[in-house]
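Here come two complexes built around chain A, the first alongside chain B, the second alongside chain C.
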Partner chain A sequence: MSRIFNSMRDGVGFDLILVGAALLFLLALAGLPLVYNVLMSFQQVDMFTLGTLIRPWAGFTNYVDVVRQPEFWLVAKNTLIFVFASMAGQFVIGFSLALFFAQKFPGAATIRGLFLVSWVMPGLVVGAIWSWILAGDFGVLNTILKSLGIIQETVFWKSDPNYSIWAVVIANIWLGTAFNMLLLAVGLAAIPRDLYEAAELDGANAFQRFWTITLPMMRSTIGAVLSLGLIGTLQQFDLFPAITEGGPANTSSVAGYWSWQMSFQLYDFAKGATISVMMFLLVLFASVIYVRSTRHEVRG
Partner chain B sequence: MSAQIELSNIDKHYGAFHALKGVSLSIEKGSFVALVGPSGCGKSTLLRSIAGLETITSGSLKIAGETMTGVPPRKRDVAMVFQSYALYPHMTVEENLTYSLRLHGVSKAEAKLKAAEVAATTGLSALLKRYPRELSGGQRQRVAMGRAIIRNPKAFLFDEPLSNLDAALRVHMRKEIRALHDRLGATSVYVTHDQIEAMTMADHVVVMRDGVIEQQGSPLELYDRPVSKFVAGFIGSPAMNFVPGTVGADGQSVQLDISDSLSLPLGRKVDAGRKVLVGLRPEHLLVAEAASLRLPVAVVESTGSMTYVTTDTTPELTVVETRRMGVKAGDVIGVSIAPEHIHLFDMATEKAI
Partner chain C sequence: MRLQRLAFLATLALSSVSMFTLPAAAQVTVKMWSIDGDNGLYTKLAEDFNASQSEVVIESRLLAFDDLVNEALKAFATGQAPDIISLDNPDFALFSSRGAMLDITDRVANSDVIDTSVYYEGPLASAMWDGKLYGLPKATNTIALFYNKDLFAKAGITEPPTTWDELLEDARKLNDPANNVYGITFSARAGEEGTFQFLPWVQMGGGSFKEVNTPGAVKALEIWKTLIDEKLASQDVLSQGQWDSTGTFNAGNAAMAISGPWELGRMAADAKFDWGVALLPTETEGGPRSSAMGDFNLGIFANSQHPDEAFKVIEYFASQSDRLFPEFSNIPARSDIPLPATGDARTDAALKVFQEQLQYAQPRGPHPEWQKISKAIYDAFQAALTGQMSPKDALDAAQATITGIVG
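Right, the complex of A and B next:
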């Protein structure tokens, strides 16, 4: 008895307790909901069976139904636009800023720190701010674009079906750029200075140094940033209720928001779960890339 | 012979810090020049200025006759071997070697051929497909050398390339670098804080201190005729002994403060009665029974080939003997020195007299 107690205090038992606690936490708060969600996507769920675990089996009916929804392809297209435009914008602007602040000039570190303001702000607040900026009749963006002569007519960013998804993309780029910049700046800082000096003496100009030293040395960081960007963008929810509510006519709705609407506005929990399982597969794919890219560290 | 690298009146300021103060140096084509000095003396800054990695505040710098002001490092056609080697970790040995060739548009086949050639000279042939992380310290060092050689540059710059190697390998690489230099007929500038490296490898040694060149010349010139106490103490191992003394009334001899009875003949004339610092190299002090300078022994250390005797005096003296001696602590030994081996330095300026 005392041997077991001793091992729990200082030995294998203690290790097992630590691992067990973490595993239990994961199982209870991530594993079970996930399994329940997948299970629900294969069941018929209505208001009367909501409280039970075992419900009539539906097979792939829910999946077929979701794909047959009239808005499915629109939402799929929007999701693709939202994910790739947001990621591209966040990455390109984030990388440019990271490179910019990697130059040594007075205040570089401080100003870079200030950029993180956008990242620490709650999505709903960011959404509200951008909602005002993007407003058609009194928004500051329109005013600026008009005074610069870029547009003549007022653009109704949030209510024009051609622009509504881009309204959310712009806000999301602003929200995620700082996080990209931060991770990429860390990656840049980890590249030894003398590699650049050696490359410079070997005859590489600034562009060649970027292409042959910076990019390959940043491979794992870039992989991580892009995967995290994909995950973060697919998870993005706050901006939608704050800016467009998915409208008009679903032209700015994406999978995550649609899933929430299905479950909690239309109370079609089965379809909501089905959509989220579809998304989960996508995120899983990104996670695999992320894990693989962090494993392939190429540091001397 | 023409000057391959010509520095005149180079100044370098880092903010308020004056790193190089009016440095002028002419490096002959085909010579091996060592820049040596304690850390912070400006030797690395000088080397990096030649490479163009540091911009000089004022003065002129010419490589092969061309003024290098405002010329970026990549257009200077010099190759550098870094202390950290700075190998590209994401490239194989072959890619590391051919990087500069590829940048200059040399065809793949030709670059491969060149890499094989250089690998053969540096003993890397079997390692071409490896990554730097899979190499030992000595092998990485060779890759760094190979990367410099392959370009056939106007000058090789070495920034303490051996300081990350273990002692045995360092001695070996010393010879190898020098042999490579001779074979290529290259012009090399070699920065080191290790005077042995400087003495053994270089044709011309430049001793730096606090941003100025203290003395330059052939290794033996520096050893035989140091211009100051600093150079005298820096060159030679074990370091020169310094003892305060007074020049005798005849101006032909010097009296050491540690032994009040005796004066050493100088073989030249110096101001009589002048207070001086006497420099005596440990290897020039000969232990002789009949010698008149008698010193008590504090410590005896023997390496087998050498015996190091430390005397019980203030300041203490080190004597090196190659002969076996039955001396132990507490004994008194007689020591003699030839007049031409006595160095005198001014007490205040520490310049040689």
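Right, the complex of A and C next:
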């Protein structure tokens, strides 16, 4: 008896309790909804069966129907543009800012902290602000671009099918850059200074130091930032209703927004679930990369 | 021991007190769900109803507009539905067509308070399914053409346009890019608001929500497209809602605007020019009229435990119709209630036009899958207006989707 108790306080039993608690938490709050969602994507759901678990089986009908929707490929293309353009923008600007603020100059830490303001702001507020900035006739961005002579004609960022997805991408880059910068700055701070000193003594120039020391030392951080960025971007929702509502003609609709629209505007819960299962497979892929990159961290 | 006795006595005393204060005949509680906003209409009328008698108590719950249908679906599926719900009229058929709402045809026929013959056809039709009445319109609204009289005079136009071609011609004359003035503004947004604005044109063009590719409907979409292609309307009408769109009219940046009576208060205060309201122009002179129809219907859930009491509440709301406009700026869905003067001549004249336009207002649907039909319609005009498809092809594609839904 006391042996079990002792092991629970300090030993294998204690480990098991910790693992068990974490697993229970994951199962209840992430696992069950996930399984329920997958189950729903294989069923026929309407208002009379919404509250039950056992519903008429639909097989792959929902999946076939979703792929056959006229907007499916457009939404898929938009999702890829949105995810990769947002991530690239957030990462490049975030990394540049992190490197910039890693230089020791007066007030560097304070100004870096101020950048977090954009990350703290709720997505809907950011969306509303960018919606005004990007407005066609009276938007600030058009006024600036016109006075600089970059554009002559008014660009309807939110209403032109060629630009609508980019309108949301621009807002999303602004929203996510600070988060990227923060994580990358932490990674930069963890690189031992003596490596750079040694390289400098050996005559390595700034580019060589960046390429042979900073990048390799940041590998796991970069992997983590990119996969978190992918997950965060796929989850981005608030900006869409606030800026374009997926329009015009679905040219700025992405999988996450489409799934919400199916479930909560068209009340087709099964198809909404189907789209989110498809998205989940994509996120799963990112999670595998993330887990692999953090596993590296533990060993080091 | 002593403590237990004390506790027992206390419980006894408390229960006798509570028995004494509660009346012997228990009150019936009727749960009512509605939206927040709407100038506090639901809250105030529920309070007044509760104060007016002692048999029925309304327990009112206010929800956000976007949550109302989802919450109601969830509640109905789990058997937790309220007794009464107020639903936006195109959402009503989602419930009534599936037997989720109580058939009140006979109750209304036998009612001393409600007389359906005085109600406008459109709002009443939105509460009907398969010839039976499942609810009663709370109020109604529609859209018409606002026009800037000062800009019209400047362009030498004396009368507002009465046909689509005149509308286009006037828009060309009024358009003044040098002074940041567009000919017209409206909402062609990818959402219910867009369908709300476009469907009347389809109906005036001989179509309906079941038949959107008639020649008249195609012509309507071609006119919309011309307005945007010739920059007679801002391309941002594709993403603006009606409220923002009409805001540009109030600021003097558009000479005409298509919107509804909910704009009147703000316009009377903001617009620094003389304005008027005209009926929506028709396809040809004297052609069929139509307009959109908005606002909410009150209905009783079929599994309500207190249908009689719930119906009393609906009767009460109907009996208070004369208060809708003076107190809550809602327009009653019936023609027998004169709207009192507001003190603003332009507003009073505008209300007369809106009341006339209401006679032609047609419901969206009713159809249980309205939201999908609506998406087919707004996807079509957006595809045409952005040049991805020709108006004819876009409406043909929408028709194929709609035929798949309505059969």
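Everything below uses one rule, namely that the second predicted complex is superposed on the first by the 272 of 300 C-alpha atoms of A that agree within 3 Å, B and C clash if a C-alpha of one lies under 4 Å from a C-alpha of the other, contacts with A are read in each partner's own complex, and residues count from 1 in each chain.
One rule holds for everything that comes next: a contact is a pair of C-beta atoms (placed from the backbone, for glycine too) under 8 Å apart; a residue touches a chain by one contact, two chains touch by 3 or more.
Predicted model only: the values in this text are computed from it and were never measured.
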item: Side-by-side fit of chain B and chain C on chain A, or clash; value: fit
item: A:F84 touches, of chain B and chain C: first, second, both or neither?; value: neither
item: For chain A as apex, the angle formed with chain B and chain C - C-alpha centres, to the nearest 10 degrees; value: 150
item: Chain B versus chain C as contact partner of A:G203, first or second or both or neither; value: first
item: Greater residue coverage of chain A in the superposed arrangement, chain B or chain C; value: C
item: Which superposed partner A:A249 touches (first chain B, second chain C, both, neither); value: second
item: Partner chain in contact with A:W132 - chain B first, chain C second, else both or neither; value: neither
item: Lowest C-alpha to C-alpha distance for chain C against chain B (Å); value: 52
item: Interfacial residue positions of chain A with respect to chain C in the complex; value: 46-52, 70-71, 135-137, 156, 158-161, 164, 243-251, 264-268
item: Contacting residues of chain C [partner chain A, same complex]; value: 66, 69-70, 73-74, 76-79, 94-95, 98, 100, 180, 189-191, 234-239, 248, 253, 371-372, 375, 379, 382-383, 385-388, 397, 401
item: Complex contact set, residues of chain A against chain B; value: 192, 194-195, 197-205, 208, 212-213, 216-217, 219, 298-300
item: Chain B - residues contacting chain A, complex; value: 51-53, 72-76, 78-80, 82, 84, 86-90, 99-100, 103-104, 131-133, 147, 151
